[in-house]
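Both complexes below contain chain A, partnered by chain B and then by chain C.
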Partner chain A sequence: MNHADPVLGRVLRSSTTGYTFGFSQAHTQPPAFGALVKTAVGDSHVFGLVYDQRVMDDALVRQIVASSDSLSEERIQDMRMRRQTPIEISVLSIGYEQGGTIYQLLPPHPPDALQPIFACTPDESRRVLTSFQYFRTVLDNMECPSEELLVASIRHGAGCQPPGQAQPYLIGAGRELTRLLAHDHQRLDAILRRLADFFNATHSLPEVPYG
Partner chain B sequence: MLELRKLLDKVDQMSQDVADRQQLYGDLAQEARAVLADTRVDEELHAKITAAITAESTWRGARPLEGALDRRINPQARAANFSLIGVDGSQIYPDRHGPVLYYLLNIGSIVMRVGSGQAPVTDTRPELYYSEADLYDQNLNLVNNEWVNGRRELAEMRALADLAQAERLYYAGDLEPMILAMKDGQLTMWMGERAQSAEKKQQLVRYIACLHDIQQVGAVPIGFVGRPRSANVVRLLWVARLPQSEITRERVNSSKYRALTDRALFSALLGPNQRSALFASTGRVNREDFAQAGQRICFFYLNIARSNDPAAARIVRVDLPEWATQSPALIDKIQNAIYDDCEGTHFPYVLVRADELAVVSQQEKRNLDSMLAVSISQITGHMPLDSAKAMAKSQSRHYAT
Partner chain C sequence: MDDTNSADAFLHALRAQPPGEDLSARLGQVVAGSLSKGLEVRLDADRSLEDLAVGRYVVMRTNNRLFFGMITDVALDNTNPAFEKTPPDFSNPFLRQIYLGNSVFGRIHISPMLMLDETDIAAGQPVPQPVKTIPGHYTPVATASAEEVAYVFGPEGEHVDEAGAKAHYFHIGDPLDMENVKITLNLERMVERSSGVFGKSGTGKTFLSRLLLAGIIQNNVAVNLIFDMHNEYGWEGSTEHHIQRKVKGLQQLFPGKVAIFTLDMSSSRRRGANPDYEVKISYDQIEPEDIEMLSGVMNLSEAQIGAMYVLRDRMGKAWLRTFLDDGALEAYEGLKGLAKELDQPPQTLAALRRKLDRLRRFDFISEERVDDSVSRILDYLQREHHVVLEFGRHGSDLRAYLLIANYLTRRIHARYVKLKEASFADPSYEPVPLVITIEEAHKFLDPAVASETIFGTIARELRKYNVTLMVVDQRPSGIDSEVMSQIGTRVTLALDSEDDIRAVFMGVRGASELRQVLAGLDTQGQALILGHAVPMPVVVQTRRYDSEFYRQMGFIEGETLQERAAQDIEELGGKRPKRLL
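Let's look at the complex of A and B:
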């Protein structure tokens, strides 16, 4: 992990399956739904998918919203960029790296409180999302919107592939999904339909923020 | 432990008393408003005010600065782009029973460039005071809360002056954009029990120097009093009723309206975004120290409510130096700027935010105490502790909640 990388925030609470961190970068957008982020646990790096973002409120925000017909742009910017109204981001752990090897398994230990969180580079995302064993981790998780998260993650993974490799990547992902959900056609159909449009447009993949 | 059942009778009596007084004050306020409308601002009135000051040097009345006492002014001019600076302070008082003797001032500030669309600039300035010179006065007594409040007030004004100077630099010295430097509370310094002490006088000189600094960069210092309890105008009305020959110390101090406030007087008079006439406080510190330094503070009352209903009036007091009142257009712009900034918060937004930035919670105080205790113990080998009294109280209160 490069110390020059911007810290997205720090861990508030964690468990083996995931963690929640407080986003602290006032001048940048939070990582997108399905983006891959990382944090250190001992001598390993734990990777996870962003699956929820909560913008918290407080009494002043509620008062202003309730009693002002029009809000000045300065107040809006103050609320968004200067006040310490927390943005909490939840992450599902899908794998870890130890000794140079990436394992698509739940990490042995959760990250400690206040551990810094970093965005993954496109190269890291490509390495971590190369295989599809983590699909089972996502599909089995009851706390996250698993179908939506898997679609977003596959799109990110495809967007990080070298030129011309996105379609083979998507085909591989589709095959793995078909194998995993052979007994659940409705769920498989829901995911594949969401991916179909993207599959047909892979010749002009969008730039993927945070890998 | 407060046993509420033992107060039931007293609560009933008090409620009746409050209701009776409200009726009485309502009648008195109506009478005072009639005096306000009937009193002419002329040489005779100014002579009575001078006589009242002569009879009672501490008389905190008001000297009118405009042609009629009951003026109601709707502002015309409005500034398009200007800066609002808000500053507020918070403190941790010296605690004899804490692990370490110190006090802390924390000044919160916000600079909002209205019309720019930019996020405001916010800052906090925490400062620890722990040396013997900080903690003890000339008689080697531990400084009290009032003394710390004076230091905080001075620090707030210094921060306002620094930010006003920086803000004028932001405009590259262009004097056109209005800059309002606002603090919570009156603009004159609270002198308290130590008014005549050398330290207090020194603080006052430095405080007034800050007002000069703000004036030099073409900014306007503002004191905003959200729920004024002052009665300067009411005292003026009492003196106005007296024949010149009866203005004695005893008569000045036996006002029929002594329970009334200016807020009660103006609440039925001013509509939304209407201000009263301008007045100057006749308080001694304003007359002698501020006025002689060219910084006499004057004030007007303003209704910041949005509704026309007199029952919903929100009367606030706005303090500003007399030199800032020479241009009617500038007063209009100040009035509009304050009224607009109160929208949604019923108090200037910049002061709400400055307070939020400055405030030191009990938990933060405990964290600072722990940090200090650990740091000291690493050097001395001994962990400083709360006094036995503080620890016993803390434990019993913990179990009580």
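Let's look at the complex of A and C:
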């Protein structure tokens, strides 16, 4: 992990399946729904998908909202910079890297409190998301909006592919889903149709042959 | 394709190629099945069902064997029946690419046909064997290559096996969707048992039968006696194209080997033939047995048939002539007196007489003593001359056709039985294997008469007496099922009726699967061949009977008949028959 990477925040709570961290980067956008983030646990890196972002209120915000004073843009920005409770971002762990090998499995241990969280580079995302075993982890998770998350992460994965590879990537992912969701035709169709919209917008290279 | 090289190429490729490696030909993989019901194969995602017709061969390679099978059904399948109720949006290219071949896919049904053993392949001499097991789960399935198919059927021409026995492989047609491969049929095996050519009218039965007969004649596999109901085999046949064109008959192709006999000299001459012999029979030669088999077409009752035998017992050989002759009946004081004397109801005799009287219309039945046609035919056959008996205008009268075919065959068969029995003591009496060709075969072999007629007997006794049948028929369901199950090689062109289709598969293993294949044949010129003479069932585009074929049979345009005949006779080595009777 490159320590020049900006720290997005630090772990607040964690469990084997994921963790929640407090976002503390005042000047940047929080990572998007479906984005891949990483953290260190011992000598391994744990990768996870962002699936929830919670903005909490505090006494100040409540007071401002309660008062009928007109709010200046300056005041709003100032308040957001100095918020007293952090934005909480929840992450679903989907794999880890150890000794240079990526495993799409739950990590042996969750990150401890206050571990720093980093965004993954496109290159890292591509490497972690090349195989699709993690689909199962997402689909089986009851806490996250699993269909939406899967669509977002596949789009994220497709976006990290080299030129011309986005469409084959999407087709590969879709075919994996036909296997996983063979028994649940409606869920399968719901996910694929969302991917289809994205696919059509991806004007890359010609259709990939079947197989 | 050079045949020996192709066999070598096949073996070489087979040995070089590890199992399941030929990806270009790969169709899918075995997912389920049984030896008795066949194999289920899931198509690979990139294979389209539309490119796979039933009847096509596939191969399955395992570590120990190479299996051959035939596609006998194609089907659409899915991983979830919900796809049938709520189809996905296939107008969307993404969804189509995802679903097609994965959630919804093609499935083919394969009937295993035969197998080659890997150890034999390694030794260079794989012999096709019947399948006794099936390839395991997920064995890759590929379309059979031209080399593989050619290897199984064997190259056209003469083969001599280790025991020194000769076999002639005759090119009968070409596989569908496959170039440069000739499908061959083992003629010796074909004539060893009775064979059949079936198909509805106009599908090419006569043309195909003529091809087969030409093969038998050219290779001296057997002698033929052909009951040529519609005058299509002997001198000249015609096509049914709007411009009627003539095709050469067997005598034109093999002038020195084929003799034309006729029942109707003037018709034969008019058609340009020059018959070798005119067949006549006399009333005194006809026996009740000859007429009994016409009971259907002549509408004879049991009582009337019985009366014929009584008449013969009383009057001897001359029974029919006497019975039909008013003058001769005087001696019995007319029909009534005769009835009394024979203890037969007078109405029965009167009705019988009315019906038998119709035989007088046949001018090939003579009042006088005539030459013995049976001996004449046998004479030709024993000299290995093939005999085509033209019926001329009598061919359109089923009674004449049945009477003559039955009359001659009964007697020829009887003599074959004698010759064959004599040959146990002196092998030189062994009669030349004889194939008798009959069109409209169901008339001779329908269940009501098959047990009594000579044709039923011949079909059932196999080749015990060196006589077998080639039955040509458009309504196989009319043929007695016991006879049908004795028909060793069945060549079937298109058939419509379910009953007929069921009939041609009588007694064939895996028949229900082949039914789809038969149903898929073109209405002309495509045939499903199965049985004794081929290593596995096969669908062919039949060989054309045309000038190219004439040339391959040795016919030279412009060569005079005399030259050709002289050559044929020389080939026969001037064989003289051994006369017994």
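Quick note on the criterion: the second predicted complex is superposed on the first by the 202 of 211 C-alpha atoms of A that agree within 3 Å, B and C clash if a C-alpha of one lies under 4 Å from a C-alpha of the other, contacts with A are read in each partner's own complex, and residues count from 1 in each chain.
In the analysis below, a residue touches a chain if its C-beta (ideal position, glycine included) is under 8 Å from a C-beta of that chain, and two chains touch if they have at least 3 such contacts.
Keep in mind that this is a model prediction, so the values were computed, not measured.
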Next item on the list: Using the superposition described at the top, determine whether chain B or chain C touches more residues of chain A.
Entry: C
Note to self: Going by the contact rule set out at the top, does A:142 touch chain B (first), chain C (second), both, or neither?
What the structure shows: neither
Next item on the list: Answer with first, second, both or neither: which of chain B and chain C does A:170 touch in the superposed model?
Entry: second
Check: First (chain B), second (chain C), both or neither: which does A:59 touch?
Finding: neither
Notebook entry, point to check: So which positions on chain A get touched by both chain B and chain C?
Noted result: none
Checklist line | Touching residues on chain C, where the partner in the complex is chain A | finding: 44-46, 79-80, 82-83, 86, 88-89, 92-95, 97-103
Next item on the list: Spell out the residues on chain A that touch chain B in their complex, using ranges where they run on.
Entry: 60, 63-64, 67-68, 71-75, 77-78, 80-83
Notebook entry, point to check: Which residues of chain B touch chain A in their complex?
Noted result: 110, 112-114, 116-120, 122, 343-345, 349, 352-353, 356
Notebook entry, point to check: Okay, in this complex, where on chain A does chain C touch?
Noted result: 170-171, 174-175, 177-179, 182-183, 185-186, 188-189, 192-193, 195-196, 199-200, 207-211
